[in-house]
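For reference, the structure discussed in these notes is given below.
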Amino acid sequence: MPKKERPSRFHPVSHTMQTVEVPTEKISPQEQAEAWEKIAHYFRANSLWMLNYCTGCCAIELPLVMTSQYDMERLGMMPMATPRQADILLVTGYASLKTLRRLIYTYEQMGTPKYVVAFGPCAVNGGIYHDAYAVLNRLDLYLPVDLYIAGCMPKPEAVMNGFKRLIELIESGQATGWKDYERRFDWYKSNQLEAVGEVYIHDEFHE
Amino acid sequence: MNALQSIGTGLGMALFGWLLQTTISGVTRKVIARIQKRRGPVWYQNFRDIMKLLNKRSVTHGWAFDFGLLVALAGAIGTAMFMPVAGIVAFKGFDNFFMIIYLAALGVFGRALSSGSSGNPLATIGVMRGLTQNIGYKVPYMLLVIALISYYRTSSISEIVELQRVSGWSVLVMPLGFVVAFISLHGMLGKKPFDTYLAPAEIASGPLVEYGGKQLGILMIAHELSVFIEVSLFVNLFLGGGATLPEFLLKYAFIYILSSSLGAVMGRFRIEQVVRFYYKVPIALTIVQILMLAVMRGGVR
Amino acid sequence: MTNSMNNVKAPLLAQIGALFPEVRLKKDRDREITFEVQPRDLHQVLTYLKNAGWRQLSMISCVDWIEDGQFELVYNVFDWTQGLRVLLSMKIDRGEAQAMTIINLFDGAMYYEREIHEFFGVVFLGNEDALKSLFLERWDDIPPLRKDFDSRAYSDKKYVKRFYDPVYGPQGGASFERS
Amino acid sequence: MSEVKLFFGPQHPGMHGNASVHLYVEGDLVKKARLVPGMLHRGFEKSMENHTWMGNLALIPRVCVAEPDINEMVFAQGLETIAEVEIPERAHYIRMVIMEMTRILAHMMSLGALASPTGLYTANQWMQADRNNIQDLFEAITGHRIYHMYIVPGGVRKELPQGIETRILDFFTEFERRMPEYHALIFENPTIQARLKDNIMLPEFVVWELGVTGIGMRSAVGKPYDVRKVTPYARYDKVDFEVPVATYSDAYTRSVMKYYEIKESIRIIRQAFDMMPQGKVNVKIAPGNALKWTLPKGQTYSAVESARGEFGYYIVSDGKTQPYRIAVRGASFPQGFLGVERYMPGVRLDDAPLWYDTMGICTPEIDR
């Protein structure tokens, strides 16, 4: 069914992806794969499992989105217990350095394709905590963010709207943050190393 | 009927079982959503979930992880092939209760092997809990089914279905037993309060903790199939199966949705509460039921 | 209200004055009395207060008086039956910030002391647990709540800021190009 | 089975908020446990020193996310104490309405959060839906759903909107009519009772040892040790309300007490609207531009009763435009740290999330 073209008010988040032009011959394996990808995008878009991890205060509105009033399950979204099962990582608000370490570990455990949604201004530029010593300013240096949802904190309506937008992006194949992460892995890794250092598992008991 | 035809019918039965159960799961999600005063997903949501999972990349945790999964899937398909539904039997004469129980154990074994080898302590705890719970509900259930088999003097499920058509459903023969079997089924399906081995909030969905992508998709297919086996076994044994397909579907949907809806308004037991519960109430009820049955039959003679 | 509290306050003030001559009344608010104590008196005063009904340690906080070269530790105890709060303010030297722990009197002090050690660098003798880091992971600067620690400068140094180059006009809006 | 190390959190469905408990588990029994906070540490106490007295208003509600208004209340109250100003009578009553509404919000959050450790998700679905209605009321009063910044030093920010009184009272009448439904779903549910009753005890000596306040204290000690009663602030000494107490503190008692506190809060809201006089709603606590206010030198500890216990700020002013130091006493600090370390060992792994939940631990206020 052809979708009605409608000017979007949103600026798609650009990942500076370079599309490689393939010379068109018969039906190459790559084209087959692309055709299948289009079908796969439909399933991905309509069955988004989010990771049950609240990193910051924007998560306080998430229960409302999940439950009866806004009912995220209508869109096929469900909270999931572990990163392996999840598709979306929600960075709900500011990320402190200690959280960032956990976020990176979590993100890398998730299977591709995976998407990152960042909430609030804190993930964009630090927001109200821009001068705090424990909170990092830009999330997109460390993780590829597919969608930002504005508001401090975003209202449930805004969150639902954002999720709808994410679904649109995935369906049209524009949510390619995970590909960007694979492509510029070294760049992301060097940023991460700069911020949180080497892999380090904290053990409170020091044993 | 030649062997090829039988196998074809069996595979068709497994496919039918999967489609049926996945649809009913989606419908159940909607029913639970209505209990929780919300709209819920579309009825084919579970198909979308499975398709998405099969389109996802994932990691493996060694060959046992994948092999166990295939064993689980093969066990589930194999068991579903033997299940008589509405008079259709793929392998005539082989639709024995014990056959199905043994084959179903293969699926459980495969799943335990797979998730146990993932190396996550939460998965190990989940598997331990799952097996403990398995013992919990299996004891009263098996006692009951053996009583049923001795009552009908056959262990073939299609014959039991036939006999029920003559003498009335087994519910009427053993009403207490029906309650026990339903409680056991509730535990088999892992509905609350017996979802201790999954317990997302305690052990992060237990055995499933390390699954993602394709493996989780395969596991979901195997899970839907095993639910199909459990529920249709229950319908066949206690509710007289079904002469026609709609009759069977109606009973099937009723039992599954009832169990799920009950689960929606209940909390979760701790594992030792689960086992204590199963060893107290259902076993006592089963013994009373068997004695009643013996007295009844003795009285008739 | 002040009148009703006087019959509670008067005996306390008299007792404290008689028992601990070096303890000085600093501030007397409605339901809150602040004493200034010397480090050597602290344990006796706290013991007396604990036995006299101030059974709950509400919090320990620390103030950095950088101009005087002192840390002020404030012990905050509360009596639930009489509804009177007592604050004990104790000054210690900022250069060699050390104080005796009070975990033998109030177990709840353990983590307050650990927090103060992390944020101010005050060492609590006798509470070895307090030397470990609590909130911060791999902290690489002076304790952050000291007055000579500049939060903004640290943030500027450590975290990459987003650079805005707004282009006003039809295409307006902030530039979201990645660096 | 030998000891297994488990991370309960930060990414864990049973964990509310971004914190972690490191557990050593033997079989099903927790052997060692310790809270690892700091994932939500934003350095509030430092940031507050860099903002003006009024500028801090935007910052403080964010200390505790589930119940933001207590922060505004302690802050405003402390500043009024230091500046020695009396605020208008009407403002006191409006503050009480706001405080009780936010208390209801927090209690409903924690009753709904009982869902995940016990598995009764239906309770959470219903509770959150009603929380949304209360947040809509807040939006009508203050303009924001979560962080209201409504209680300001010197009173409240602005007059209540027209007709909000009937809207609030109508909602709570309707809500009270539905409360037995919640009681039947949660507290009369045999499976929930099996999980909560005689489980996760908090004896009286532990209360004094840790310094637990709030519901934990009252459920064990059996006396109305509530800041609202012991040192009344606002006009809590004028309204008639009761504080539920108990002497046997298991998880069930602590949960059901939240239910009764919601009832009492609704009573307080009704009385506050009855007794509310007309008049101004705010005064200036210092002359001049609000962003250039200076306060006299002084220090005070200001405390209110939050949903989890005594919540307080220790405020130091050195006579400048910015606070010299603000120290936050998170209400769940004692049970969050020492409680987890000493008393979570011994419970079953199944009950560890329940322990964390029913002790009323709010991570953001621990981390700050």
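Order as written gives the chain letters A, B, C and D; numbering starts at 1 within each chain.
Here is the rule we go by: contacts are C-beta pairs under 8 Å (C-beta built on N, C-alpha and C of every residue); 3 or more make two chains touch, one makes a residue touch a chain.
Because the structure is a prediction, the values reported are computed rather than measured.
Looking at A-C and A-D, the interface holding more C-beta pairs in contact is that of A-D. If you average the CA atoms of subunit B and of subunit C, the two centres end up 59 Å from each other. Rounded to whole angstrom units, the spacing between the C-alpha centres of subunit A and subunit C is 40.
In whole angstrom, the spacing between the mean C-alpha positions of subunit A and subunit D is 31. The centroid of the Cα atoms in subunit C and the matching centroid in subunit D are 22 Å apart.
Looking at subunit D, one finds that residues 5, 12-13, 38, 41, 43, 46-47, 50, 125-126, 129 touch two or more other chains. The set of subunit C residues touching two or more other chains comprises 135-137, 144, 149, 151-152.
Residues of subunit A in contact with two or more other chains: 52, 67-69, 81-83, 98, 131-135, 202. All chain pairs that touch, listed by label, are A-B, A-C, A-D, B-D, C-D. Residues of subunit D touching subunit B in their complex: 4-6, 12-14, 25, 28, 116-122, 125-126, 129, 185, 189, 191-192, 194-195, 348-353. Those residues of subunit B that touch subunit D in the shared complex are 35-38, 121-122, 124-125, 192-193, 195-196, 199-204, 264-273. Here subunit D touches subunit A in the complex through residues 5, 10-13, 17-18, 22, 24, 32, 34-36, 38-44, 46-47, 50, 58-59, 62, 65-66, 109, 112, 124-126, 128-129, 131-132, 135, 145-147, 364, going by the rule given at the top.
Here subunit A touches subunit C in the complex through residues 11, 13-16, 97-98, 101, 124-126, 130-138, 140-141, 191, 195-197, 200, 202, 206, going by the rule given at the top.
Interface of subunit B with subunit A (complex): residues 29, 33, 36-42, 45, 48-49, 51-52, 55-59, 200, 204-205, 208-213, 216.
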